[in-house]
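Below are two complexes that have chain A in common, paired first with chain B and then with chain C.
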Partner chain A sequence: MEKPQILVYAEKSLNYSAFDVKWVPKSAKAVVLGSHPRGTGILQVYELNDGKLELLHDVERSKALKCGTFGASTLEERHLCAGDFDGKMEITDLQSPSMPIYSVKAHSQIVNAIAGVGGLNIGMGAPEIATGSRDGLVKVWDPRQKDRPVITIEPREGEQGRDCWSVAFGDAHTAEERTLCAGFDNGDIKMFDLRTMAVRWETNLQNGVCSIEFDRKDIEMNKLLATTLESKFHIFDLRTFHPEKGFAHLSDQGHKSTVWCGRHLPQNREIFATTGGNGSVMLWKYSYPESRVKKLSDGSEVGVAGKLVPLQNATLATQPITSFCWSPDKMGLSVCSGLDQAIRVVIVTKLNVV
Partner chain B sequence: MPICVSDYTWRQTLERVILTLNLHHTSPKKVDVVTTSSYLKVSFLPYMCEVFLCHMIKVDQSSACILKGCLELTLMKAVPQMWKEVGLKLTKKEMDHKRQEAIKDMEEEEKRKASKRKEECIKRERFAVSQQIEVDDQMRAERSRMVEKEKAEFFKAGSPQEGNKHLSGTPPTQNMATEQPGNHNKSEAGKLSPEEHNTECLKEDHDRQTLRGRASSTCSEEGTEATQEADYDGDGEDSIYYSSTENLHRADGSTQRDKVEAANRKQRKWSANRKAAAREKESKKRSIPAVPPVRCGGTINMTHTPRVFPSPARESTHPEEQQWLEAQSAASQGQQDAGSSSSHLNEEHFKKKAVTLFSSGDFQGCANACTEGLRLNPSSPAFYSNRAAAHLALRNLHHTVKDCSKALELLTPPTQDNTNSRLLCHIRRGTALVHLSLLSEGLADYQAALQLSPENKALRKDAERIQNMLMASTDSNEDSGCEAGGERGRSISNSP
Partner chain C sequence: MDSGGQSSLLLQKSIKDNTEELHDFLADLKNWEREMKEMDQRLASQSSSKDKGSSGEGPIAHPVRSRSHQGPAKSILKQTENNKQVEDNKQMESNKQMLTSNNNNKKKAKRLPCDYAAWDKFDVDKALESSSSEEEVEHKQPSSKATPPIRVPPANKKERATALKEEGNKLYSKGRLEDAVAKYTQGMALDPTNPLLPANRAMAYIKLKKYTAAEADCNRCLKLDCDYIKGYLRRATARLNLGKEELARRDCLKVLEMEPGNKEAKRELEKLRGISSSQEENRTNTEEVLKNSRLGKEEKIVQNPPEVVREGVAVAIGKGNEQSEGLQVTSHKRKGNGKKMKIVEVNSSQEDKVPPKANQILPIVKPPHVRSKKPLRRIPVKDIGTWEDMNKRPVVEAKVAESSGVGDGQQDKDKGGKVASPPKTSVLVSSKPFMPSVPKTSHQFSQDWHRLSNQAEAACEYIKMIPPAFFRTVDLETSTLVEVAEILAREGVSPSLAAEHLSALSVSHGFSINLMFLEADQKQVFLNLTSKCQQVEGHRTKMEELKAAIQSS
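On to the complex of A and B.
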């Protein structure tokens, strides 16, 4: 048993559909966001205790909740920003969840994805939240500014928008620099530089982009993982940009079904887990090539993609696993939720020797 | 029919009877011995020998062997006693009877043996299966034990931190009270952790290990702690905001280095803490770097890769989508060419239909036909006008007004050509309005009609009458003075 093992440590069956699950930073608690069959939203906080998940809080919301993040709040406060099916974005304090601290009607349709940066002692700069919605817009919010988004990213005048399925922040290594990446259902990935307020890079992956994540938010952009439909996922090496070829890129397949989620291990940015529509979780390791930069004949530099090795594969459920979150406090501890109305605490062993 | 022989010789001991039979040069292969406990038959074609034994024998302990052309049967006596005779002399009937019995006995014997064999077989199978199950169970138990061991190890490696985690959970809230309130920015949080580290180290003597353990575990969402990191992927980046060294150095897998590494790490940790503390002091002296103000943002515009279908893009459906698009464009091309002629036909058809229906008195049908025609060509004033006539005949006065208005709208560029149509429309609308007791409006229409065709005497008379009625401003008499309007209105025009 020298390979890392993916083991289910605790499982909890829910009576509602859970869409997102996140660890509360610096604790053994996890927040589950979902929707009751009657369409109302539900927010539950579970604590991992003695091999079991115990329910601590249970809050009902008027509309089903789709996604949440702790990324924009400080470590002391640990406020949760959640987006719901109505297009509303709310920031709540889990200690008093009935009254949200910040609430805004962010979009006209469901908020598909939410990402936060600037909090939790990660990254520099202002705390900001990005929401991507089915109405095709991506908006960036600052909790200090009420009602108006700080940045709105929309299709050009007269053009048809596409559903935004995922957003991710990255490149927040100084107080000014920040990059936002958004994935759309027609396979588009667009990278926006929020300092220059421009589209920095875009590409099309032919399949709808289910999830997108930088390997680290708080360093100069290094790698980007984008998982898509049709059991494919792509890794871009973002260190070297070539004006024509763009970024070096590596793509691989897994799960034989939609790859719903790709998440990097907080303690090691070369290891990441992907979850699939067949209920499986795969662990991958990326290794850098001999030289990350290659000089071309015309003198320009182009990046070189590395190699990807699957470390382990485990099937945990029969339904898709739609959300996965590594614990930032304990390496290898993670929680995932799927369409089978269950959340599972999953342990991945031997990550420190991999 | 085998030949019966009975030339056997016999001798006996207390327990056995030994019969010797001359095989008469028949092949030993053809010898077949059948025996029950009181009957013996040897067939060696073409001969056979039958013996009805006087006493019982034990069949399973008896044996037979062939030597030198003779068959020697050794029969074990059931009861050890000396026999006077071997075979009984019986009558034919008795012999038959005995034979039947013998056959029955043999059958039973066979059955018994068969069932015994089956039982044995089943027992053996069951045993094999149970063994297999045991082996499987053992394997499963072994595996689950290993899994449990892994889980326990996983959490044991973390259990010192569990304790620390609780501690770290509470100090922030305590420290919040002691520090300046309302100032929750990064520097403060950063200050807390080195302080915590320092206090933990001072408190707990024996857990250098826990300290190291903390370093590996306490990384926030994307792994930032005040631990110095070495660049390890050759990209020249030595990020302070990176996770613990523990993972990197263990990657070598060599345990000897571990101790040295551990010592180095501890040193680095101490130095990092000292540095962090120093930095904190410095930052305290300077103004605490405030969180940048709210961004003065704006809008970023983007262009998407065009996609016709509202569904998400999938590579597997791409060829089908292309096919569909091509089919659509081909079809629409074809339609465009053929479309104009066919719709033209239909329009004419409906116009004719409307006229025929009107003249036959089916005003509702006429109205319907006009509606159908309008569906094909929504900007044809003729249909509106004719429908108005139908409605007037049906006394749907409001509809008449509406349709007339629409028709007049469509006939807006007033030319010589559509004078007649406009005239008719005005008259019809006027009639309808008068019938609705909207006399002034009706008059307006009549006057417009008059303007279009001033020589129409009947029209003039109607107009005057309406004027009088209006001026009298008494309750209107609907049917008076509208013959011309009614008649005019009732005819249907064929003009486009």
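On to the complex of A and C.
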């Protein structure tokens, strides 16, 4: 009875497919990115107004837009950075969204995932945007540098590039430290240390990695959530790295189909939501073990994984829910987009008592 | 009932709680919406005013990544393989930084000797002292993090190696020999073909009194560039210190040969002479040697004791060699030949004294035009005990070769069964047929098979050697396959073995396709084979299937 509730607060049917939806920070607005049936891209901004979503902007782009982030923009500017089906990356000022203020041909194929860091007063260091693409490359961009990436991560020579499905920044607790994680269609997760410019860790989850997220990107890396095909998701405790055993690891199942998206609650990093291919949203709570580190007989330290409790499960749609975004400003407020051509504002209650 | 009623009450309460909670939440949300709109407005106006005021000035606290790296974007995955290189680069970077700061600190840069000769006048200890004091200052004030490290990535490894050499030279000139050595070592790893890097490292090693390492480096340098005078000089120094006077002297002479006026070499030679005169009573007149070397004589002559060249041969040998030998030589001298002749005679007489051992095979040296034009012949090698054995028993080789044409098995047996199988009517000199080893690959099998294909017996033996399982993996040409089938069909091969081989072959790659390309007579070979194999229990059905397949194709 003390369980949180997941309720749809407002719903908006769309005449296009929405791929990504994001709250505009410090506002009651959400931006929706998607594709018209004719293949052109669309960018819409909705504002929540007395339980209704009101359309503020509607802009068309030449190619379908796949993903977006505000992570690299300052709070004053709140520029949206988006990737499209053609491999282009653009930065848009939402006050005048008709023309992007920055556009670059980032990849040869669709940009599947985008992540930002260094903006919104979250995380230290330079603002940077990471893009992951079907062409197998992961690139890091600085909005202040036009036309060329600051880092390109290529497959090793002789290796075939895999479709990159997800990227996430983390560990940005100092100006120099920064970690980038990328998930690939073959289940690979690679963690790149952007300070030493080296692969810090890599693993394989057997199933394609649909989404990946650090519980916080502005702290020393703590936990990593990766959701995959075939209803599995994994949590890695990143505090203790064992040279042989790697990170402590926990995996669970949910949704009985692809886990499209996993997002940590910005106000409580132990709670996260996952969205599934069956149109459901699940709420989970991670609890740490008594000691997160244990000493092995040979003196080395190894991390200990905690426990995972499902808090709530609610089916909101008949089609997969592809993206989910917690409001950074209001606990329990979230927005999600589904393949049933609708966006929903979802509220989750009692999050402060779980 | 009671509990049921209680639970329904609880449920009602929770539903009420939930709705209240939701109500509160929604009310809160409305307030939040209002707040957010205000904040949004404020932020928007802030950003627009900022845009008007100072566009693009943003927080420049953190530089763009590539600006600090100043180079093309890095590929991390690729770099993981040469992480070391990255570290090297980093080290290089930091060193460079240090260097630049050093240079800035030292406005009154000292004039450092720039040529080799000047090094002897250069007081390393003093330089070391001064540089170490500078280092201390540096340690107290570590290079500030605020200034972005400047790195100019050289285009390729060679350039980088050259850059490292320059760095090493700078460090060397400061007297930081160990660091200089490290730089040179890095440079050598990048460009192993640059002779200057080992040469410079050798110099550093000499200063560090690591003479063995220095000598090795000189050797490396001279291997790369045999005309590098400094390499010889440094090696001479190293060798002199290692107590290899003779080799050191040779190096000096080499230098003087290349550059007659080289003072360093002369000085080294002086030193050497000092050492040798103190060590031995035997005078070594280097001046004379020098003369000789200048005349263009080879080092070999220099190797000989100088007396031999300078004085009369007879006298010298009389002094140095045994009496008997001396007598012999003097007798030669009486013949009144020239100097040179005498030396040759000494050598020849010495050679004569050694009786050639009968079982020792000496190399025959013939000029190319005298050599035989006939093609080389295969000579069978046999184990024939000792020299005594060979004397007792006549060599049978030639006879075997003769009789091979006759093909008489009995004769062979008479010769103590030395030759295993009767010789074939072939042109082979060796009577023993060529028998390859068990093949490991399909290709090897095909090659060996072609060599055996005209010798059915040998082919039979060969095929018996091979385990049937091998044929599963082979991929044979049609002609080879037919030949194999022919051999299998022969009487020498047992039906069971043939069946096993054939069933293995039938699953091999391309077998079914090969079947399709068979001609009528070739098909017949296979049909014969299958009917032979059908006798074997356990393979019958399979063979029938195969037969049907052959007939249908």
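Criterion: the second predicted complex is superposed on the first by the 353 of 354 C-alpha atoms of A that agree within 3 Å, B and C clash if a C-alpha of one lies under 4 Å from a C-alpha of the other, contacts with A are read in each partner's own complex, and residues count from 1 in each chain.
Please note the rule applied: contacts are C-beta pairs under 8 Å (C-beta built on N, C-alpha and C of every residue); 3 or more make two chains touch, one makes a residue touch a chain.
This structure is a prediction, so every number in the text was calculated from the model and none was measured.
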Fit or clash - chain C, chain B, common chain A: clash
First, second, both or neither for A:G279, with chain B first and chain C second: neither
Which of chain B and chain C A:K29 touches, first, second, both or neither: second
First, second, both or neither for A:N207, with chain B first and chain C second: first
Residue contacts on chain A - larger count, chain B or chain C: B
Touching partner for A:N49 - first (chain B), second (chain C), both, neither: second
First, second, both or neither for A:P320, with chain B first and chain C second: neither
Touched partner set for A:Q95, first chain B, second chain C, both or neither: second
First, second, both or neither for A:G87, with chain B first and chain C second: neither
Chain B versus chain C as contact partner of A:G262, first or second or both or neither: neither
First (chain B), second (chain C), both or neither touched by A:R78: second
Of the stretches 55-63, 163-171 or 487-495 belonging to chain B, the one that collides with chain C: 163-171
Residues of chain A contacting chain B in one complex and chain C in the other: 1, 5, 7, 9, 26-28, 74-77, 118, 124-128, 140, 142, 144-145, 149-157, 159, 175, 190, 192, 194, 197-199, 329-330, 332-333, 347, 349
Residues of chain C touching chain A in the complex: 10-11, 14, 17-18, 21-22, 25-26, 29-30, 32-33, 36-37, 39-40, 43-44, 46-48, 50, 56, 58-59, 61-67, 73-81, 83, 86
Residues of chain A defined as touching chain B within the complex: 1, 5, 7, 9, 25-28, 70-71, 74-77, 118, 120-128, 140, 142, 144-145, 149-157, 159-163, 165, 173, 175-176, 184-188, 190, 192, 194, 197-199, 202, 204, 206-208, 216-220, 222, 229-230, 232, 239, 266-270, 288, 292, 328-333, 347, 349, 351-354
Residue numbers on chain B that touch chain A, as the complex places them: 146-147, 150-151, 153-154, 158, 161-162, 165, 168-169, 172-173, 176, 184-186, 189-190, 216-224, 233-235, 237, 239, 241-244, 246-247, 250-251, 253, 291-295, 297-307, 311-316, 318
Residue numbers on chain A that touch chain C, as the complex places them: 1, 5, 7, 9, 24, 26-29, 48-51, 74-78, 95, 118, 124-128, 139-140, 142, 144-145, 148-157, 159, 175, 190, 192, 194, 196-199, 329-330, 332-333, 347, 349-350
